[in-house]
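You will see two complexes here that share chain A, one where it goes with chain B and one where it goes with chain C.
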Partner chain A sequence: MKILVCIKQVPDMESRFKVNNSGVWYEETDLAFRMNEYDEYAVEQAVQLKEQSGNAPDVTVLSIGPGRVVEALKKALAMGCDRAVHIQDDEYYLKDSWQIASIIAAYAKDLNFDLIFTGMQSQDRGSAQVGVTVAELLGFSCATTLVGFAYGGNVITAKRELEGGLKSVIKLRLPAVVTCQLGLNTPRYPTLPNIMKAKKKEMLTHPVADFLKEGAHSATERFYLPAKKGGGILLEGDVNDMVDRLVEILKEKNAVVR
Partner chain B sequence: MKALLVSEYREGKLLDASYELLAFADKLGAEKTMVLIGSEAAAPRFNGKVYLADAAKYGEYNPDVHKKIVLEAAQRENSDCVVFLHSSYGWDLAPRVATALKAAQISEVVSIVDGKFEATCCNGKMRRMVSLKTVKTVVTIQAGAFSFSGEPQGTPHLERLDPAEIASCLEFVGYEAAEAKAVDLTRAEVIVSAGRGVGKKDNVQAIAALAKALGGELGASRPVVDAGWVDHSHQVGTTGQTVSPKLYVACGISGAIQHLAGMKKSDFVVAINKDKHAPIGEVADVLVVADVLQFVPALTARLLK
Partner chain C sequence: MEATREIYWNVGHGVVWPMYVFSFIAMAVCVYGFYRRLVVYRQGKRLNRFDRLRVRVNLVFRNVLAQTRVLRVLGPGFIHALFFWGFGFLFIGTLLVMAQADIFQPLFGVVFLKGTFYKLFSLVLDVAGLVALVMLVGLQVRRFFAKPEGLETIRDDYVVHALLFTILATGFVVEGVRMAATEIRNNPNLSLYSPVGMLVGKPFVGMKLDALFLTHKALWWFHFFLAMGFIAVIPFTKLRHIFTTSANYLFTDLAPKGTISTINLEDEGAAQFGAAKVADLTWKDIFDADACTSCKRCQDRCPAFATGKPLSPMKMVKQIGEAAFSNPQAGLIEAVSQDALWACTTCRACQEICPANIEHVNKILEMRRNLSLMEGVFAGDEVRTATSNVEVNGNPFGLAFAARGEWAVGLDVKVMEQDSDVDILYFVGCYASFDKRNREIARNFIKICNAARVRVGILSKEEKCCGEPMRKLGNEYLYQMTAAENIERIKGYGVKKIVTTCPHCFNTLGRDYKDLGLELDVEHYSTFVHGLITSKRLKLKPEPFEFTYHDSCYLGRYMDIFDAPRAILTTAGGRLTEMAKSGSESFCCGAGGGRIVAEEKIGTRINVERVKMAEATGAPLLVSNCPFCLTMFEDGIKTGDCEGKLKALDLAEIIAARIGG
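Right, the complex of A and B next:
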């Protein structure tokens, strides 16, 4: 079995974002980057499937982006993927979800992957499109938002998270793409021996031009902070003063505190 | 501009959120047609055309089958824009329809500004204004962003879609209901919720103590539940419970949209967060800029005095 895991490296979402010179994305300086949280579940599920199948499956991890994404790929290798593919693209943020999916599909087209794992969305762009579009382009079956995954006899039994605590159970045949929701498993922390072992694993680099065949369907014109609706009271300063002030406000405006 | 609005149906019922699609189309100034894979009894109350395919025959959700049906309706209408909710149904189906139509897809649209789509990104912290380069467009709209006011009314003009059997590599097995709720947050007058900002499991106690001091229940955001700090039955948000207490206190919750969707109807919201730019500030009546672990125990002590 051949498995592909598609990951993205994204900024820590607790960061304060500034607009970069292009005006259409964030300034990367001062941001700490890490593997997209949803993709950590994708890597973990792929590695678990490999381990459950007598280590027979071959797991390739792929990421598109500038040089920094190599760090996320190294982490995936240390978690147990076999090789990494870095599609070098400094202008990743100018591509829309359609182009990103097309690049992945162009890479995967002749490599006979049986199963592709990815996160249900990225934490930064958050379009939740790429995995499904890759499946459509490759003619694979696809299930999104997985909180349960089991594999046996060429069939995946997937549990999808719907709204309000409801889940649905579906079966799909390979080849397939599945997108992972938070809570699907418990992503492992790479151990030091595995980090050392990962250094010896293969890391291939391709320029994005090798796989970019499609023009954009949409473009970000402007990237900005949402307009403040305001109206709320802002409390800052000494903790005890703020406690007093908040209790006053609650007594005045809210029937719950008397 | 002709919009095809893809309504949602689950466990034999039309989902009310489907009416938000109408509000979006009105904002867009588009001519409206709906499509439903459901039942006649559950057809949306709307004075216009509704393409109806029978869920008893086609399933409540099989993406391969639903894609074909939506495409059939879009083709008959020659729709310019196909609109879904940004939900487990919409984000699963929309890219399939967009790929087939060679259409741009814009996800999680929150508003329309001068005819252009504004989408949220970076966990609700930022916005993108998007321009389109394709003839047709597929849009998913954020739940609650386009509110439908009033009672839905009208009589749909139903047009049946009855395609021959559609092949699929996917089989719907069934639903799995949410576990019985140990805690019914929907009835609570006060909810004090813990977010990732509380730092670790042991610190949840301080949040629970404040909830007790206010005579309320403990709530939690998704990351806290996923980390195993608080049981799922306390989760507030899209995939947890939707609440509307008299007082909601958000402790160390940045305010991801999935969380806001579950609590923004609260009467009064107090947010305690060390980042005064956190999106939770958008819905907070009072935003306390402080370290949760300093402020919350101090507030609890003051209330118990």
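Right, the complex of A and C next:
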């Protein structure tokens, strides 16, 4: 079995964001980067499947972006992926989800992957479109927002999270793309021997031009910080007074209490 | 008549051969017993504890002969020391008898046990024997009747106490019977130099000589075989501590206190990190278990044990010994339990008091290293999060690394990136950088420096966690990664001196970073500010206040800094009331060993326990000089219901408020 895991390196969400010169994305200085949280679940699930299948499956991890994404790839290797593919692209942020998906599909087309894991969305762009588009382009079956995963006899049994707290269980045949959601698993912490082993694993780098065949369908118009809204109001004093004042505020400012 | 006595009186010189044969058998059994144990010690990894022999031998003299460490706990320590000295004199006395009777007299015709020296010899041995006997009874009363909490009595204790008591008692009876047949009858003046023997002998004086001879002979042999039995059982009972504990002083770790082995991460051949099995520890770690006398002093001082957590340093050491001797392939971590390992605050109270010179803390760290580096296990989910935060943002809070220097905005402090012409680099640490309460420490320290005209620089967003909490939680890899970045920055700016406000940063930068290539003068602000005051660069306007002072573990026990902070605070007008546990016996706040980022889920809260001790002094102010301690106390005052009665302040806050004059 051949498995592909697609990951993205994103800024830590606690970082102080500034708009960059292009005006359509963030400035990278003073940002701390890490592996996209949802992609960590994808890596973990792929490695678990590998381990459950007697280590037979071969797991490739892929990331698109500038040089720094190598750090995220190294982490995925330390977690247990077998090889890494870095598609070098400094202008990744100017590409829309369609283009990113097309790059991945172009890479994966002739490599006969049976299963592709990725996060349900990235923490920075948050389009949630790349995974499903890759499935469509490759003609794979697809399930999104997985919170449960089991594999047996060429069939995946996936538990999906739906709106309103509902869950559904579906089965899908290989080849397939699944996108992973919080709750699917607890990503492992790489052990030191695995970190050291990872240093010797294969890391291939391709220029993005090798796989970029598609133009963009959408473009970012403007990127800006949300306007500062008024601060919170802190009520203090006697409980009864506070309740009265809260009710007043709710009446005054909202339609909650009439 | 010259004062002396006939050696081998009544038993005759014919006993010499059988006596030596039995002695050699006893000693052979003893040596064989230790040899069997030596094989077990050698399961451990190599470690050189034989360098600087002069220092080592000196330590043995100071701690074995002078019983220095034993005497740190006065009650039982004093009894033990007196017993030891008493028994020691008896041993020397026996050697003198041997030297004269079997060497000097037969070979050279020299008799030195005569005249005044004999009188002295006789008196000293009699008194020594009495002291040993009385102290032994004292120890027995303590162990078998007073039964102090936590003192475990095992089969060995009954054997050892019965043996020692009978040896000492029969020794006096043999002497008494001999004197009843000799000195008391024909040289009563001489018998005054054997007062105990005389008292014991008096009742026997009425006995017929034949009966006395027979009794003496029988008792002599009985006493002799008991003494041989004593030698033979040494390696098989707790008595082995006579040798193992003494030797453990020879094997003292001569590195600066708190030194942890720095794992070579470049070594590609390494496949095992930390300790999962006995063979992953050093021979000294196994030997420690044999040197342990189960005196429980460590357990009595362990903050984790005191608050109902499953850690006892003593039991942990014993568990390693059990594994080494009975099942070396067994998992150490399972034997000790993860909960016990994670409970340690690395406060070093155990190690500091241990009269057997055992190194508890690094054993725990080695096992933690195995959990962290080999298994990827954390003390809890909150620790996993904190670890990942340090990885990404260089602080356990997960706050933006770029905001690290924001506390200093508007203060007269240089950011090294812009201007590195400074007197000192202030390594702020995570808590004083990000934690709202602890930022007061940083700000007030800058005020103090400004007043003393010390030009201070900070690394600001270039500074990262020193790595101490992660290292103490076993994550050597992350520690070395963040340390390497800090070291590179610090070296890049040509810094000459670093001052920290956090004792954990202080220990790590000053001692641990040396292994990674940073050789710099690193000082904690307690001594730095003390220096500013004594050199008159900083003038204070004293204002009276009542306070109690908490010795943080990493400043006190680890670095032996006890006086400087107290001196500063009293110079500032403070009147100090010490807590029940202070100085080297200080009780941890609960945050050491990386516990600052872990939740305390088992037992009661260590910080509340400490805050209650502070409250008991009646002083309204608890002063510390560690951001971890301050964090724990602020929390402990709230959860321990001490609000309004006790306030926690940092030393910097007190000094900054009294600048002037």
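Simple rule for what comes next: the second predicted complex is superposed on the first by the 228 of 258 C-alpha atoms of A that agree within 3 Å, B and C clash if a C-alpha of one lies under 4 Å from a C-alpha of the other, contacts with A are read in each partner's own complex, and residues count from 1 in each chain.
Basically, a residue touches a chain if its C-beta (ideal position, glycine included) is under 8 Å from a C-beta of that chain, and two chains touch if they have at least 3 such contacts.
Quick caveat, the model's predicted, so the values are computed rather than measured.
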Discussion item. In the overlaid three-chain picture, which partner chain does A:16 touch, first (chain B) or second (chain C), both, or neither?
Written reply: both
Practice prompt. Kindly classify A:234 by the partners it touches after superposition: chain B alone (first), chain C alone (second), both, or neither?
Written response: first
Practice prompt. Would you check which partner chain A:38 touches, where first means chain B only, second means chain C only, and both and neither mean what they say?
Written response: neither
Discussion item. As a test of reading the superposition: which chain, chain B or chain C, is in touch with more residues of chain A?
Written reply: B
Discussion item. So in the superposed three-chain picture, is A:128 touching just chain B, just chain C, both, or none of them (first/second/both/neither)?
Written reply: first
Discussion item. Just to be sure I read the superposition right, which of the two partners does A:211 touch: chain B = first, chain C = second, or both, or neither?
Written reply: neither
Item to complete: Go through the superposed model and pick first if A:93 touches only chain B, second if only chain C, both, or neither.
Response: neither
Discussion item. According to the stated criteria, A:151 is in contact with first (chain B), second (chain C), both, or neither; which is it?
Written reply: neither
Worksheet item: Which positions of chain A sit in both the chain B and the chain C interface?
Response: 14, 16
Item to complete: Please name which positions on chain B make contact with chain A in the complex.
Response: 10, 61, 63-64, 86-89, 91-92, 94-96, 98-100, 102-108, 116, 119-134, 168-179, 189-190, 214-216, 222-223, 225-226, 232, 238-242, 246-247, 254, 267-268, 270, 275-277, 279, 281-282, 284-290, 294-295, 298-299, 302-303
Item to complete: Using the touch rule from the top, collect the residues of chain A that touch chain C in their complex.
Response: 12, 14-16, 30-34, 188-193, 195-196
Worksheet item: So in the complex, which bits of chain C are touching chain A?
Response: 265, 268, 270-271, 273, 373-378, 384, 387-388, 391-394, 398-403, 461, 476-477
Response to the item:
In their shared complex, chain B is touched by residues of chain A numbered 11, 13-14, 16-17, 24, 26, 96-98, 120-121, 123-129, 132-133, 136-137, 141-145, 157, 159-173, 176, 182-183, 215-226, 228-229, 231-236, 239-240, 242-244, 246-247, 249-250, 253-257
